[in-house]
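Below are two complexes that have chain A in common, paired first with chain B and then with chain C.
Moving on, here comes the complex of A and B:
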């Protein structure tokens, strides 16, 4: 604080509180909407205070069927989402750390070419090459499978870059010392590199978990079987039924459940999340 | 120069998984997209014929394509501008207050974790013409809100949803940028008699300009490519063409309209745009190191 200006400080607090309210408003409305029976929406405006149907809606959505044409319960889609998010996050970290290790600590022909090939994936988001990627996955008969959900999204230039940056800061003396002590490449990787990159891995994991959980277009395209639906994409199937028949209460409950895990991760692991966010943008 | 290990086959083994995935799911499909862009397939996908640049010239003479470019530019700059302005305001306020900063931060950053499609659906409900609380409130103010019919209103809606999700990201980077500004500079300006308002525009804002530029690029990339879910889960590009951004058009023409040639040509153009934006992002980062 440079000078005392109580009014300005009060003003700051007001703006911040307004911002928080504006940001939280849709969640509030969604929560309230999920506690009213579906018919409430046909009569007029969504009520602004909780109704008494919350328990029934949430139980139905979580355990019997999400409704609106999606016949599987939310818990099953939650498991699907979790499998996909974990597979993407762990898979990306595993293959990126290995390739960064190869690029930084070995010299071999075509090293830079490999680096550029990996770099190119930065320029090719799924949304841009959607039709041919779908074809490849269909030809490999990976539609409606966990492998098909996760594998095509696993290659990541960002993670490779991050690990490369981190490895480049490791002093050469450390490598020399390890080699003099008789450590081979595997030993060095396991006992020195992995422990040194622990916080980087954790930060990256937080970001990639959110990325994987929030995948939308890809699961939407390659899953036609309800049992492989992920939570985020199921929303699209749910809002696609005819306008009059939409049960908004179950959609709102599903939406809240779908955003809950990544939001909890962000709030609970805030430090790692911020670190991951800043690191991956370098 | 780092010290290295001498082994020969090992690095290839280490690189193999990533190179395989990249080749199968990135380079091969991208190559297919480029190839497909020069072919015209019949409606049943039975035969295809080499047509050279015809798909491209078709696109470049298509008013709908230009409309989509216009929509994308308007959408992206609106999202970037509104998101950056609001986030800057909140970050400056959060930087000022001593008490409760962590709580404010926590309560402002969580929308980052919400999937774009879900953000879209949430705001869709808020603005639903007959039941949404905001739409009803607007109606009582004399504004007839109906995003099913009014293209501008549909656009406003997707901009709000996309911005809502992105503010938290911008906020974090601005807050970090503000906290990195040396206190002594601001103190010196204060001693010289500059008011907080003047200090912001003459000292703080210019020092933040690298962050602002960085966020501008990131926000544009976000609005270009990551907002597919918002559009798809809410307006589906409508009403008419009013919210059909380029990424959505690729999908719409390819998967719904089954015009693979045109869709692939659009993919190729988009890949070039991503390429340019990636290069800008990297060039800028090099400059930041000097700064």
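Moving on, here comes the complex of A and C:
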């Protein structure tokens, strides 16, 4: 639809600009706040331009300790978060692409039952099964470990479904042509299925990475050792100090840092992501 | 290059539907066999059983005198061309053609040589780096052929390979397929429902009806001596005029008033068949019977005239050469030479 109506254009631009301000202003405030001393907030005025403490705060947060009861530097938590988010995203993709492969392309007994069991796990996110899952993880002595952080979150019905839908669009003749060409199950998976679902994998990776990065409840529950704290849960910890002043500047710096990796992933994979959502190459 | 033998091969689908009761077919080395029949008669089923994509429920399939029933498609050393080509969308033309060779562990040099040989034969040399998306329908078709040829398989299997192409390209590819097959001498099984394709390509035609072979023979044999009314109707376009009539001592009783002289010992009710091209317009005095014209289709090179003969409700078709346009409801006088008749048993539908 291409129309020439200046008022409409102006109006839609206003709406868009308002939207951008609504989204960007808090980030701006956070960025500015991180450059002021911690007391700046208590006067009830929110500064809108950079202060002079930026360098000190950022250095402290990143490399010595985040502060407010969290004694490890942000870079370590960042690595923890990154490990967890990557393990969850890659693990989920690997497991669900394999189960979708089995369900769509192999005829085995109880296939539909397996399918429905996977389907049912949709109704059991971590929050619902948190106590039994905690028990299992504790019994396996996986508390305070990367495995414990990632493993219970890896099984994914949603991703299995997405891959199943993607595989179902692959024409039967393609599978048969590959069989005639002498491609066994593994070759078919590697040479044909994986390349054909490349964009879907990318799209899922973006979504799942952010899902993993934003995990809050589960890491909070199973980590008691500072060295396994993830970034997102630490921010909450920093806000809820029992006494003393809340170091807003450190918190804001940490928040900005916590936003960076997901933003980088989205920006970096944007092209593939969009393609994965709209593409119909098959 | 091999003999393909089907001994009483049958197919019953898991849902209990018997698509093919039992078929015997002996395909000689290098022969071009075309399977024709109406939709749903089991052509694809038969082809897919030979390919190994569908299990064989009963009987035996031999390729080069080896039992193939339990073999995987790849072990049968056949190549198939699908109706929608089924090219791997993410691979280049080269990779599409090379994939089968790679999976069989061919060396780099061998792959390079074989692919470029086939590509040259099919005129694909300039397209080797393209993806299927970037090709026209005809070029994709060629790539699909190339993928089949490159392995030098024992047999080619084609399932309606030309039906996605426009008419002109179809003719061109038809000729090309025939040439290539002759050149390579590869045994071929080809499914189509296009008459012309069937007649022009086949060494022998198999007409399938509800899963059984109505007749197997050369195209002209089927045209000249159809074994059943089904084949008679199926081969030839427009299809043969078939009328239930009775033969008495006075001759063939076309209607109560009209009888044609018949030198046959056959008596009683039969089905009388004559092809549209064998009904000859003539003057009233020479005529065997007359047709009241109901519709005319002038195609330039020939004209199709539809009409009734007095006292019968069946629409008869006449095929006259050249532009010939009698007026509607005019009487058209026709001769029906006896040597062009086909008589079929009214109960068994078999040729008499």
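As a convention for this text, the second predicted complex is superposed on the first by the 259 of 282 C-alpha atoms of A that agree within 3 Å, B and C clash if a C-alpha of one lies under 4 Å from a C-alpha of the other, contacts with A are read in each partner's own complex, and residues count from 1 in each chain.
What we mean here is this: a residue touches a chain if its C-beta (ideal position, glycine included) is under 8 Å from a C-beta of that chain, and two chains touch if they have at least 3 such contacts.
Predicted, not measured: the structure shown is a model, and the values here were computed from it.
With chain A as the common reference for superposition, the partners chain B and chain C occupy compatible, non-clashing space. Shared-chain residue A:26: touches chain B; no touch with chain C. Of the two partner chains placed by the overlay, neither chain B nor chain C lies in contact with A:7.
When the two structures are aligned on the shared chain, A:49 is found in touch with neither chain B nor chain C. Vectors from the Cα centre of chain A to those of chain B and chain C enclose 90° in the overlay, to the nearest 10. Look at A:187: by the touch rule set out above, it reaches chain C but stays clear of chain B.
In the superposed model, A:116 lies in contact with neither chain B nor chain C.
Applying the stated contact rule after C-alpha superposition, one finds that A:195 touches chain C and leaves chain B untouched.
Of the two partner chains placed by the overlay, chain B and chain C both lie in contact with A:176. Within the superposed three-chain model, A:151 lies in touch with chain B and out of touch with chain C [touch as defined at top]. Of all Cα pairs spanning chain B and chain C in the superposition, the closest are 7 Å apart. Common to the chain B and chain C contact sets on chain A are residues 173, 176, 179, 281-282. By the touch criterion stated above, chain B contacts chain A in their complex at residues 1-5, 7-8, 10-12, 14-15, 17-19, 21-30, 32-33, 36, 86, 89-90, 93-94, 96-98, 100, 104-118, 121-126, 130-133, 136, 164, 167-169, 172-173, 176, 183, 186-187, 190, 196, 214, 218, 225-226, 228-229, 232-233, 247, 250-251, 254-255, 260, 263-264, 267, 270-271, 274-275, 278, 285. Interface residues of chain C, counted against chain A in their complex, comprise 51-53, 72-74, 78-80, 82-84, 86-90, 99-100, 103-104, 133, 147. Interface of chain A with chain C (complex): residues 171, 173-174, 176-183, 187, 191-192, 195-196, 198, 281-282. Listing the residues of chain A that touch chain B in their complex gives 1-3, 5, 8-9, 11-13, 15-16, 19-20, 23-27, 29-30, 33, 41, 44-46, 48, 94-96, 98-99, 101-108, 111, 114, 117-118, 120-125, 127-137, 151-152, 154-155, 160, 167-168, 170, 172-173, 175-176, 179, 184-185, 188, 210, 213-214, 216-217, 220-221, 232-233, 235-236, 239, 248, 251-252, 255, 258-259, 262-263, 265-267, 270, 273-274, 277-278, 281-282.
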